[in-house]
Structure formats: C-alpha cells, structure tokens
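Sending over a structure as structure tokens; questions will come in a sec.
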Amino acid sequence: MIDALFGTGLQRPLTGWLKDLVGQLNNRANHVLAIDLPSGLFADSNKDNDPTAIVQADRTFTLELPKRALLMPDQGRFAGEWEVVPIGLDRSFIASLEPWAWVLEEVDLAPMLPKRRRTAHKGDFGHAWLLAGGPGKMGAALLAAKAALRSGCGLLSVHVPAGQQAVMHGTVPEAMVSPDPGDRLSELPKFTKVSAIGLGPGIGAEAETGRLLKLLIQQAPAPLVLDADALNILAQNKTWLAYLPAGTVLTPHPVEFDRMIGKASNSEERLQLARGLAMKQKVVVVLKGAYTAICAPDGRIFFNGTGNPGLAKGGSGDALTGILTSLRAQGMDALSTALVGVYAHGRAGDLAAEALGMDGMLPSDLIDRLPQVWKAMRGVPSSDHLLG
Amino acid sequence: MIDALFGTGLQRPLTGWLKDLVGQLNNRANHVLAIDLPSGLFADSNKDNDPTAIVQADRTFTLELPKRALLMPDQGRFAGEWEVVPIGLDRSFIASLEPWAWVLEEVDLAPMLPKRRRTAHKGDFGHAWLLAGGPGKMGAALLAAKAALRSGCGLLSVHVPAGQQAVMHGTVPEAMVSPDPGDRLSELPKFTKVSAIGLGPGIGAEAETGRLLKLLIQQAPAPLVLDADALNILAQNKTWLAYLPAGTVLTPHPVEFDRMIGKASNSEERLQLARGLAMKQKVVVVLKGAYTAICAPDGRIFFNGTGNPGLAKGGSGDALTGILTSLRAQGMDALSTALVGVYAHGRAGDLAAEALGMDGMLPSDLIDRLPQVWKAMRGVPSSDHLLG
Amino acid sequence: MIDALFGTGLQRPLTGWLKDLVGQLNNRANHVLAIDLPSGLFADSNKDNDPTAIVQADRTFTLELPKRALLMPDQGRFAGEWEVVPIGLDRSFIASLEPWAWVLEEVDLAPMLPKRRRTAHKGDFGHAWLLAGGPGKMGAALLAAKAALRSGCGLLSVHVPAGQQAVMHGTVPEAMVSPDPGDRLSELPKFTKVSAIGLGPGIGAEAETGRLLKLLIQQAPAPLVLDADALNILAQNKTWLAYLPAGTVLTPHPVEFDRMIGKASNSEERLQLARGLAMKQKVVVVLKGAYTAICAPDGRIFFNGTGNPGLAKGGSGDALTGILTSLRAQGMDALSTALVGVYAHGRAGDLAAEALGMDGMLPSDLIDRLPQVWKAMRGVPSSDHLLG
Amino acid sequence: MIDALFGTGLQRPLTGWLKDLVGQLNNRANHVLAIDLPSGLFADSNKDNDPTAIVQADRTFTLELPKRALLMPDQGRFAGEWEVVPIGLDRSFIASLEPWAWVLEEVDLAPMLPKRRRTAHKGDFGHAWLLAGGPGKMGAALLAAKAALRSGCGLLSVHVPAGQQAVMHGTVPEAMVSPDPGDRLSELPKFTKVSAIGLGPGIGAEAETGRLLKLLIQQAPAPLVLDADALNILAQNKTWLAYLPAGTVLTPHPVEFDRMIGKASNSEERLQLARGLAMKQKVVVVLKGAYTAICAPDGRIFFNGTGNPGLAKGGSGDALTGILTSLRAQGMDALSTALVGVYAHGRAGDLAAEALGMDGMLPSDLIDRLPQVWKAMRGVPSSDHLLG
C-alpha cells in the first residue's frame, strides 16, 4: 500500500494578478503541465477554494506521494492525467506520519486470495448466489453471473424472474438457475449451501422486490453484497440501513450514494459520509468513481488506482457485483473482498483497454480478462508490508 | 481531407475510329490499365457521354487527385480498381481552387471523437436508443445494437417487438431492452435520459410502425438517425420529410433514396438531389454505395474511400445505424457523426476483409473490429487542416 | 484437374500360393506399404475380384495418376492412406488418352468464383433461401445458415418451423427468418427475390413436408439444392425424380442414394447409377463419401480429394448444403457450384483438422474456416487448363 | 503405466519427543519440504496412524515411485504438492513386484483410441445419447453435450425436459434433441441406433426420473454411463445396483459414493468399497477426487495424475460424463473409456489452467481444449508396455 498523506503547502485561494494569470492560462489552448499540483489547488481539501483561481492542467507529475485532492473527482479534474514521481524523500519519515488513506497495490492484495490446494473440491470454494435481473435488464444478471464464475467460486446459483432461465443457461452454462414466480424478483429463493449473496443488478426497485430485500436483510443466511437497485430500495427505506448485517458490502456510485444517505455537496463530504456509514454499521462501502474509495468498518479509507474511462459504460457495475459475490463466497472477509475485487475489476478493465481501446471495449471484455488478472496476482511474490 | 476538384480535359464523346478502337479494346480479354482516366471518360460529368465510347479499364492510376467521375458508381465502373498517384503538382495552386467535394481522411476525423477524461462516468457518453427489429428481422436489431455498444456510448436501450427481449439479452448483455406491446414496433418507448435515437433496422413499413415514426418526428426527444424501413415509410409519406428535425441523419442506399425522393436517372443526379435535401431540411444525407457520399446541410459533399465489396451483404447497413446512433448519443453533431461513422464502418470492413477475405466476412466481423478502428483513430496525431 | 485414367495391369484375382501369401501378410501386425497398388487389387474394377486375395496395405504410393479403384470406398480401403507419386511419365501421352474421371484441383476451381467488383452491392450476390430445420433438428438449419453466410451470398433467408425464429436470430443475426405455420415445414415461404433454394437439413420426411417439396419441384422459382430428408422424401416418391428441374444439385450419401435409386451392390455400380441419373435428369449428383464424386449432366465424373474422417460427424452435410445454396445464389451454374462447394467444404475441414485434430473438430469449426478457404482460392493464379 | 507399489518403512505412529517436534514444526510458518514422505506418514495405510504426529509438508519429493498414501486425499494432504523423483532403482526389481495400483500415462492410453480410417463415415463413430438437464440445471446438459461432441462421436442426441430444445440447439447446433414430455426427465426417448447412453447431469432425483432410470437399467439398449443424480437415485434404490448391466461406468464423487454404498470412514476404505462394487457388478467405478481412482471389474485400480484444483467447480463432472459417453459410443470398452476419458478430462483442465489460471478457468474452457488433448494423444508413439 502506498500511504496517502495529508499534504502541506498552499491553503489559501489565489487572488489578484495571480488569479488573473490563472484565468488567462486556462483560456489558452496550450498544453499545461503541472509539477506536484496545479497552481491554486490545495493538497487536501478544496471546499473553501475558488475554482476560478485554479490552473486546469492537462497533466500533473505529483511528487513522491498522491495528494488527497487528486483522488477526489471534483478536485482531481484540475490535474488532468496525473502520476506519482518519486523524488527520493526519506521513506522512514513518511512511514512515521499518520496516513489519511492508502492506495491499493497488487503486492498487498494477492495474499488475500484463498488458497487452492491440490486436494480441494468445489465445496471448498463456496456457493455464490446472485439475485439479479428484471424486465428489460436480464443482461445485468448475465454479466454478473459470468463475472462471478470467472472469479473462482465453486458453485453459482442465480435467482432470476420467471421465464428467464433459458437465456441464463445458454449464455452461462456453469450457472444453476432458480426461477422467481414473478416477472420481477419477489420471493427469496430456497437457498442451499449458500456462502454469499449478491443482490442488485437489473432488479428494479418495485415494492415486491423491496420486500425481498427486507427479508434478505432480516434473515441474511450468508454475507451480502448490495448494488444498484438494491441500494435504490434502501434509499426508499432508509430505516433499513440500521439493520444491515455487519460485513455487508455496499457498492454505490455517487448518485446512488446520495439517494441513500443524502446529497453531498462535494466528493470530500461524500467520502466522509461513506466512511461514517461504514464505521456505524460495520459494513464496507465501495464508493465507485474514477478513483473508487473503499471505506472499512474501522475507519480506514483505501483508494483504487486501476481502471479507466472505458469502464464508463452500463454493465461495469454488474460485473463488479459478480466478482465481489464470488470472492465473498470463497470465504474472504468483507474488506478483503472489496479491496481485491475492486482492484481486479479495474485491472481487467485496463487489460481490455490495452487490447481494444476505451471506446470499443465492453464490460464483457473486462470479464473475459479476469482469469488473466487472478493468474497474474497469484504470481506476485508476497510483500513485507502487508495490510495491517 | 483531400480536395476533389472539377476536372479538366476531354468534354466530348469519342467518335469515329477512336470509338471503334475502344470497342475492339473492350472486347478483348486483355488486362487494361488506364492512366489518369480511361480513354473516353470525362472527369466531371458523363451524363452526355456515349458509354460505348469509353474504355473499360481493369485498373486506373489517377493523377494527383480523385476525379469526380471516379466517385460515381455508374461512371467509376469504367475505371475498375483505381488509386491516386501523386505527380508533384503545386499544392498551393490546388488549394486555391474551389473543390466540389472532399474525400475523407482519418487524420481529419480523429479529432471529432469525444474526449474520454479520467473522471468521466457513463452518463458522460450518452444514452443511445435503438428502435429496431421486426418479424423475421430481429437479427438487424442485434447487429445494430452490437455496433452501437462497440462505438462508445455510455448506455444503450433497444426497443423491440414483444417477445424479443431474450434473444437481445443473450446476444448483447450490455443492452437494456424495452418491449413494444406489438409483434412489430407500434408505440414509442418511455424514453429515459435519451441522447440519440436510431430507427429503422428490420422494423418493416407497416401502418403502426409508420405512426410510430410520425410521432417520433413530431416529438423528437433527441437527435434522430433514420435508416432502412424508416426511409421506406418516409417514401410512403413524403410530406413528412418537411418536418424532419434539423440535424437528423438519413442513410439511404440508392434504391431507398429513389423511393423517397424520386427516381434519379444517374448517380450524379441522385447526388445533387441528396445535396438538395440536406440543404433544404438541414439534415445530413448519407448516400450509401461503393463511395458513400455524405451531404451536409451547408451544401458540402464528402466522399468516403474506406470499405469494400465484402460489405455487400445484408446487415452492413444495420451496423452503420448502430455506429451512427452511438456517436450521436455521445454529443457529436450530425455531420461529424456521419463523417466519422461512415469512415469507421468502412475501415472496420477493410480490416475484416484483410483477415477473412471478402467472400466469407460478415457484418458481425466488421463489428468485432470496430474497437481496433477507434483505437487507431485515437492514435492519429491531429492535423493542421481540420474540417472548416 | 488431374486426369484419372483407366488403369492397366492385373485383371485376374490372385490364386494359389500367391493368395496364401496375401492371407499370411494380412494376418500379421506389420505395417504394409504398397507401391502403385496393393498386390491383388485391380486398377479399375474389382467387382469380379476375390477380396481375400488382396493385400491390405496401410499406405500406398500410387504412381503418376490416381487409379480408379482408389477412389471407390469399398475398393480403396485396401490401399489404406494413399498419395500420388510422380515418376516422370510423358504428360503428352497421358493427355492423349480419354480420362474416365477428373480429380479436382484448386487451380481449376478458383476462376469459377463470382467476381467481386468495387461497385457491387448486395443484390449482385443473390438471395439464398434455406428451407431447413424440424423438431429436434434445428441445429441442422443453424449450421446450414452459417455456412451459407460464410460463402458469400448477398442475402440469406431461412424458412423454419413455427417458434424457431429466436434461436436462428440469436445464433446467425445476418439471416432473415421466415416462419412456417407448422411445427415442421409444411408451406412454401413467400419467396422474395430468390436466387437459389436449399432444402433438406433437419426437415424430416413427414407428409406435409413432402407436399412442400412437391410444390417446390413444380414451381421451382429458383435453382434447387436438395439434401438429406429432401432426398428421403424423393425416395418415398420416386416418380417425382422425373420432374426435377434441370440444374438441380442433389447431395446424397450412399445410403440416401440407395434409398432413392435402389440398392447398389458396390461403389462402382452406385457411381454409374449416379452418373445415369445426372445425365437423364440434367442434374448434378454429389455422391458423398471419402472421395466425393460429382456427376455432371454431360456424363463427366469428378472426384474430390479434400476432406478427412474428422468430417464423419452429424452436421457436415448440413454445412455443405449451406455452401452450395450460397454459391448457386451468386449465379454460379450447377456444376461449378458442386465442384467448388465440395472442394471448399473438404478444404475447410482439412484446416479444422490441422488446427484441432480429427477427433475434436466439429462441423462448426469447418464453417469458421470457410473464409480462409475462399481467401486462399482467390489468391490462386488462374491455370491454363481450365475445365472444358 | 507407472506401478504404484506397496511401500515399506515406517509402520508405527511417531511418539514422544519426535511427535512434539512434529507439532512444533507444524505450528511454524516455515515452508516445509519432505523427501520421499513427510515424517510420520506411513507409505501404505494411515488409518491407524496419529494425524497429530505427521509433519504437514508444503512440498514432497517422493522417491522413484508414487506411494499409496499420496494418492488418498485424506492422507496425501500431508505431502502438499508432490512429485516423483527417480533415483535409479533397479527397474527389473520393481517389475517383479506385484503392484497394488497403476498411475495412468498417456503413452498407454493413446492406443486405446478408435482408429479413424480415410473411408470412415459418421456411423463408424457411434451415436451417443445423453439424458440430461432439469429445472434450473440445463447448463449441465449443455456442458455434457459439448464435451461429448468434442470427444469424437459420430452423432449425438440429447434427451431433455420439455421446452429445452431451443437452448440446446442455439448452444450446441451439432446435437439432435429429443424432448421429454415432462418438466423433468420422465420417459425414455425413442432410441435410434444408440451406441452408448449417459444419464445424470442436472436431472434431479425425483420419482419420475427414478422410474426412467429403472427402465433404462432393465432395458439397457446400449452401454451406460451413470453420473450425478443418476447415482443419487441409485442411493435411494440400493437394490437396483445388483441389476446394473456389466460394463456400466459409474462416476461418483466421494459424497455420492457414500450415499450409494454407505459412509466410508476414510479414503482408503472408500477405495476398497469401490473396488468391491466394480468386481461384484462387473462395472467400472470412477471415484472422483484429486487423484481420481478407476476401479476395474478385474480388481485392478488405476490412479489419474492429470487435473488440478481449478476443476473444483460446478460443471466439471458434467463434462466428464459427456466425454465418457462419447468414447463409449465409439466402441471403446468400459475400462478403456474410463481410463482415457478421465485422463483427457484432467489433461484438458491442465491446459485450461496453464492458459487461464485456476481461479478464472471454467469447465467450458476445459471442453474447448479437448481437441488439443486428443490431437496430442494421437501423436504419441505407441508404447511396448500396453495395458494387459
């Protein structure tokens, strides 16, 4: 893990001729490079900053460590594309500081994957259940199911609306299918040997599906991963949040998060609200975005650096739900599930972008590349600075 | 862009012994090469020419610039396969002339593609809607949908006849599906966050679908791309043409165009009619053919040089509709959409032909290669002579 | 084309100690090589030969030209794997003899493929219609449809039993589908712009389908390709054979042929019966087998040397029907269609066997390799000894 | 075949300070290597051993020959990953001993594959029938069908529950489909030209399917392969075991075996029970696991060394059933079918793991690689120590 430190430096907005200069700079077509941070951007929080007094860079070389502002979408946009440039700061000095967040590195995540012993059988890798799909949105269930199967679980069952078995079988023959009696999900399946449950992709937020979620929260026969419309249902029934089982993983994007918790005025506030939710309910909140933030029940925040805007397409989130449910079913704890799953999802997306470019790639391509990601992670030698 | 100039030279048909010589030449099995243009072919218009007095070449090396006649299917066929050979003419002289048309070059098109910033989310790339498919012709909807998804839109919804959801989900899981109540398209879907609408592939031209098109033209909640049977419906209701929203993209092949506007006696007349339609209605007319012509609302004409006869198969047009709707949904204007989309469609077809040959390639193969086309276009450095 | 000559040499069965020696040789596990022909095998006809007096070779190197016996399955089996070894015989002497058959060579077939001009459109490559599929045998229709599309036709429509549209669309989106009102094919479709019609794969031989075939023979709106159950229906209605339109292509395997024409006592007799049928009805008979024989209306016989026992699987014939219907739709005559189609089918099967081996390859793999076969054929320079 | 010998050496559990040392060793995080066997593990049987007195190794280099204990999952786990290291023992001495089991080697298996002669037709490779699939478990039937087709049979028919034809056709077009009248399998199909029958994947264990199995055992129109729920039905009707036709192949995993025969207290006892069943009923019992054991009717036991824990996923067993049914249909005897099929299944899984890693690979990937396995086996020169 790379520590993300509170930054030092500029704490007041630029004014006067300096601000004018920024304005002039931003109005030119020139390519703007910034060193460490764009002039005018504060390293930590910019909520009191003046956006018209910040240089809009095309590219930023930030020194030694990622700065907090770079990881907030509404602040980091001033930096354009950015990367960390080591300048030889004293690492022991850095290590002595209290980081406010960590940036995920593969070397730390690989050891969290479950062992695959020679004598293992399919029962050793758990039985993942996905509750997914709805009218016009069965594709979401298919993507989640494929992603789950490509992430190592021993068995997968998918609970889908009536009449949707054939399309699941034909597309994902390794999945078992449980049909709901309704046109949309309305009743809990008869769970057998369930190790983890993922709910959300394509389900809609109708009343009968809401009742299903309520029952699921109450009975929770296995750890939960809640995404998409499951979160929208929570948004309509905010009191249910207090009953979420500890160890649930929630994966909202900013709009879903705001619906659920209340409108945040900026990324930073939203992040703190997510951290608060994680700590209060002992859940893991995966706040999706350009730099997805994972908020742990103990208050720690992790940022993920993999992924690219080629993932900004319908279906990417469904794939993530499948991955997380599959990892959770293999016995990984909620936090490890989120850290490893979010990293792998983005990494597979990066492989897809390398091969196909960001315009033409699809979530299906990401899923096809998950095996390569797990294979590469298994090959990573374990590091000496494991996640504490 | 390469300027396509009015040509000079021969303006009268060959007669007498010269014409006899042409006749003899055309009756031999020899391979015929032509320099600049086949003897007897006028550079600009051949409507007053005598086709029996023109040499049928197998291959033509045309000098410095493409001649107008080469770009008209019924005139260009005399040239066989042709290519431009630079001979060092003074470029500044050429630039001082008024071109009558342009030939698309990748270097000009690449900058028209929407930016993909690190902090982008799926909403930034629009929500494309396709209204497609009908009895026995659901394949057209599948091809259009795949092509749309492979062209970068953030979300795709497809409105299809009743009972056709499963085949769409199973084939194109990233697409959301909206079912029409009828066996053929009869009612507008409940559009949500719609950025562009493509209508036509496989829909048929029955009365209820005609009513749908009428409503769509009247309400036009987003820019339109009209193809195939949507054009045949317009042909049956020519008065509707006057109500087409400005910025609509129409993609007729010659037969569809003639049905819609009236029978043209030759390619040249058809092209001028298309240009007239584009200028009058402020729409973009994509006149499909060996050298597809794109007529802009301001009267300019652009010719596309990519593509090959391996595309002469059912389904190629459906793929184009998908591409155009996807680009339009990403916020590109109607003309840029047509220029980039037509070029990319042909380029992907050329890649398919290289890999698979022209006999065995299918529109599906073209679609599979779209990602490589976008990737290559993104890699093109921007040129200094952008489209004005 | 390689001429297949009537052979000379041995015309009487081995007897006495020579026959005993053959018996002993055949009882040993040794690997047996034969030069020219296995001892005891006659070059031309072995119907009066004594099978116990013929050496069973594992491999035969036959000299200069293929011998007739090698091409008959029930005689050629004595040769094991065989190949032609040139020994420098005088070609002009060979050319002066009357060959009794020809062996197909790619160099002769390539020029028969239709031209693909730059200005061509999909109408130039015809509209192929397949009437295929039945209860439990829709896969046959899918394979035929894929093979047709991979063989160059401009448009493909498939007439299938009621309720079978979705599986065709999902698997072969480029195909248009026409549904029959019945659970099995019972009514002719409303043909539109039909260029060739293939009937047979998976249709069954029930009465209502028989009526359909009868109507098809009577009306014949386009050239016919008849295979599989279409031939079994003919076998039940032998009087219909006299009404087959000239230029029909029939593709029986030996069992289907015997049902239709009467039980042949050996391969040679069957071949002569097939030749007789072709000449009498002016049709092309493709007698399928290890060395498929194509009998032309003018009495010529052509043998195909491509293909391998990896094709001995259900579905191979369906692929051939698709190929032939597609070629016929492109305007090729019946004989060229059969020669080129049979050759390409076997060649694609050989590519599949090279890549996947003969056990694991499937007809689907053959179909996937058709584009490479057409591409390679297009690249063959034309020969100076074209088919007369 | 490699002989697996009864081992010599340690026959009493470790005690005293040696046992203490083992305990200390096992509590450390060090990587433990063992030579020949982990200290404390007996070579043959460990049922009287003290598991707390055996070193848990991470890796074992066993000398010259595999020891019996290594092949039992509950004993072999002490060895971790293991491999055989030759140390130059006298082979003639080894050959003089009576082995208690054999370990499969490709060189011995390849000659058992059926010949593919040039003149073969599809009838020569048999007609395999699979009876498979049930509510929510049609994927099992699809996987078995694909695996059967990729294993060389000439024809494949699949008997599936009502309404499941389309998904089979769309996914596996080479298969013919026979629909059962019921929602789950309840009636025997009308078998035509049946060469082998596989029953089990996804069928469930309801009463009507039980009746089907009973009829199948009684009538047995062809050799049987019984797997999965077919075994669970046998477990509910233990008296039927006595009526199993000789030459039936049974493929239980340990839990299925115990249900059918009675709870075994350890792997070794289970293996002896399986051997007993095979000898008594003259059937072949494939006891699936990390080292699958194949028990022959003559009492011999064979262990398979291919495969890896990436196969520990739902669907792997279905693929095996398809492979075995296909081989049996090609005329291989029951034992050869099991030896070759189990080996090839594991080998294809190893190829999948090499390409995709063990986490992300799926049974579908194994099936895709079967052709390569058969191809490689065909290329193996025959050995001089064929299975007696």
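Letters A, B, C and D mark the chains in the order given here, with residues in each chain numbered from 1 onward.
Assume a residue touches a chain if its C-beta (ideal position, glycine included) is under 8 Å from a C-beta of that chain, and two chains touch if they have at least 3 such contacts.
Since the structure is predicted, the reported quantities are computational estimates derived from the model, not experimental observations.
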| item | value |
| --- | --- |
| Same-residue or different-residue interface between chain A and chain D, half as cut-off | different |
| Centre-to-centre distance between chain C and chain A (centres being mean Cα positions), rounded to whole Å | 57 |
| Chain centre separation in whole Å, for chain C relative to chain B (CA means) | 40 |
| Interface hub residues of chain C, defined as touching at least two other chains | 166, 170 |
| Graph class of chain-chain contacts, one of line, ring, star, complete, other | ring |
| Residues of chain B that touch chain C when the two form their complex | 73, 76-77, 80-81, 135-140, 142-143, 164, 166-167, 170-171, 253, 289-290, 308-310, 312-316, 356-364 |
| Touch list for chain B against partner chain A, complex | 113, 116-122, 124-125, 149-157, 165-166, 168-170, 172-179, 370-375, 378 |
